[in-house]
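Residue numbering begins at 1 within each chain, and the chains themselves are lettered A, B, C and D in the order written.
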Amino acid sequence: MMKITVINTGGTFNKRYNPIKGQLEVPKDNIALNKIIESCHNVQFDIKNIISKDSLDMTDVDRERICTEIQNSISDNIIIIHGTDTIHLTSAMIKKRIVDKKIVFTGAMVPMSIDESEATMNFSMALGFLSANPSLGTYIAMHGVVVNSSKLVKNREEGKFLIQE
Amino acid sequence: MMKITVINTGGTFNKRYNPIKGQLEVPKDNIALNKIIESCHNVQFDIKNIISKDSLDMTDVDRERICTEIQNSISDNIIIIHGTDTIHLTSAMIKKRIVDKKIVFTGAMVPMSIDESEATMNFSMALGFLSANPSLGTYIAMHGVVVNSSKLVKNREEGKFLIQE
Amino acid sequence: MMKITVINTGGTFNKRYNPIKGQLEVPKDNIALNKIIESCHNVQFDIKNIISKDSLDMTDVDRERICTEIQNSISDNIIIIHGTDTIHLTSAMIKKRIVDKKIVFTGAMVPMSIDESEATMNFSMALGFLSANPSLGTYIAMHGVVVNSSKLVKNREEGKFLIQE
Amino acid sequence: MMKITVINTGGTFNKRYNPIKGQLEVPKDNIALNKIIESCHNVQFDIKNIISKDSLDMTDVDRERICTEIQNSISDNIIIIHGTDTIHLTSAMIKKRIVDKKIVFTGAMVPMSIDESEATMNFSMALGFLSANPSLGTYIAMHGVVVNSSKLVKNREEGKFLIQE
């Protein structure tokens, strides 16, 4: 059975509404992820829940932590759930530092708890991509495609990740 | 931009509740599919909506129709949305007849209109798989993996597609 | 705190999709109801789950059972969740037989599991109506109003309950 | 047909996620409300969308505006959708100023766009209460009951409206 390590670092993908505070929070759990993978009957997941931050608040220490988790992962197939605002920074750092794994970054513009389709699509594209046994490298799965992580860039005005040639 | 032809033939993936008849129907539209692809900003889809049947009712004539649509498709990347009960029959027939395209069958055990996560996951794995530029062939994307179409089989007692070695 | 007895007899309100059978079923549980009442912090509910049928299959024996449950209820405020096809028959029978309680029939055209708004609206109108301390009698809460149970009739062509003067 | 004026002033009930800004906003539209009333086939609604604020930002000028809208309403049955943080202030002011209408305040702790059941329940209790033809007065419909507006108070620690004797 296919083995995949998922490193869930937080971001919009995971956000949930806290009715007492009246705002969205990044919870320290995998509820959003678990809803998707409950139908993944042919994958053995190893899930690491770390950091749990909006990616605007992610520090260099956090990025080192992600790097260490990847280096220690039991699988060479890795999906990283990450906030969209600094996913380009973390993926660029990982791309330089780790060359012997298949790493797919993903995330969402809309929380899974608000609308399931975009978050589920982005994560599941990563699954399908890893099923194809791609070359070692660092990729990003967002908005319809999975490509080399430097090629897909967030357009902040439109709220879309778009391929940048 | 990546081009993908989607041949939407119906099945549980598309079913919607008709409150007047009090039952689920296979509609002749792409509402379920459109919800998923509205976030696919980096793919150009060519969508064919044909047959619109529960796959238990699919005939040899219907299968010929699917075959013809594939042969005439403007893209070599093809996703076929199909009912789960006879997806093995149609994919086996297509596998024999068409060898010069990348064809991914998918579907769902639960209608998109009832729960978005499984249907979105299955379809989106097909997207991610095609992003990896796989070999020509006929595949199936269900329940966590995308594999050669003969290898993933519906277990009717459990309601799961499972890899059969 | 307000006390309400809820007699949940099944019907479309409760239906859920069974992915293994590929069809909607009337489950023998209160999952649909529980989703609504989890926000009812000012009501003490006594819930009876009986019959669990599509109302087309409801028999005279079933109706006697409902009558007995009402007579034995610990509260005089009663909400009955019932299938829409024979809600007029059961409510007419109860109206004749029980005159010393406040009984509100309700149900849904679309299962709570498929779309939460109509089922929640119908049930919650019954709650609001009972909050107003109405006269003893048998009522129906559907599609925007709560009225004497003989006045609101299902229009089968349109799939709507409409007031019949 | 029953006539009801709905004055939609904003609040959590209406909030929607803006993926570009990455936050919840109070939109200047009735999308949340329209989802509920699309099944209200026996009510003629007159909807006023005004203010569109989180109720913490509501000013005395805004409250005067609500008062004027009520005085000018074409129906004597009025539902006011309001943020939960200052619903007690606005309802207390309206209670003093207007004595010849049936006014029901309502709102939600969780946006309709995130979870439909609580918002739908609160609004629909107001509908059911007005169906019972209550005495003139100012009421609040939240969390299972509809009572005199001064009797139901937000418990901020628990995120619940609770009856205060």
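Rule of thumb we're sticking to: a contact is a pair of C-beta atoms (placed from the backbone, for glycine too) under 8 Å apart; a residue touches a chain by one contact, two chains touch by 3 or more.
A quick map from chain label to UniProt name: A, B, C, D = Asparaginase.
Bear in mind that the values here come from a model prediction, so they are computed numbers and not experimental data.
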item	value
Any chain that touches chain B and chain A	none
Number of hops, chain A to chain C, where each hop joins two touching chains	2
Numbering shared by both copies at the chain C-chain B contact, with half separating same from different	same
Approximate Å spacing (C-alpha centroids) for the pair chain B, chain C	39
Where chain C and chain D are represented by their mean Cα positions, the distance between them in whole Å	25
Separation of chain B from chain D, taking each centre as the mean of its C-alpha atoms, in whole Å	44
Two or more partner chains touched - positions in chain A	109
Topology of the chain contact graph, where touching chains are joined (line, ring, star, complete, other)	ring
Pairs of chains satisfying the touch condition	A-B, A-D, B-C, C-D
Residues of chain A that touch chain B when the two form their complex	1-2, 35-43, 109, 116-118, 120-134, 141, 143-147, 152, 160-163
Chain C-touching residues of chain B, taken from the complex the two chains share	12, 17, 19-20, 22-24, 85, 109-111, 113-115, 156-159
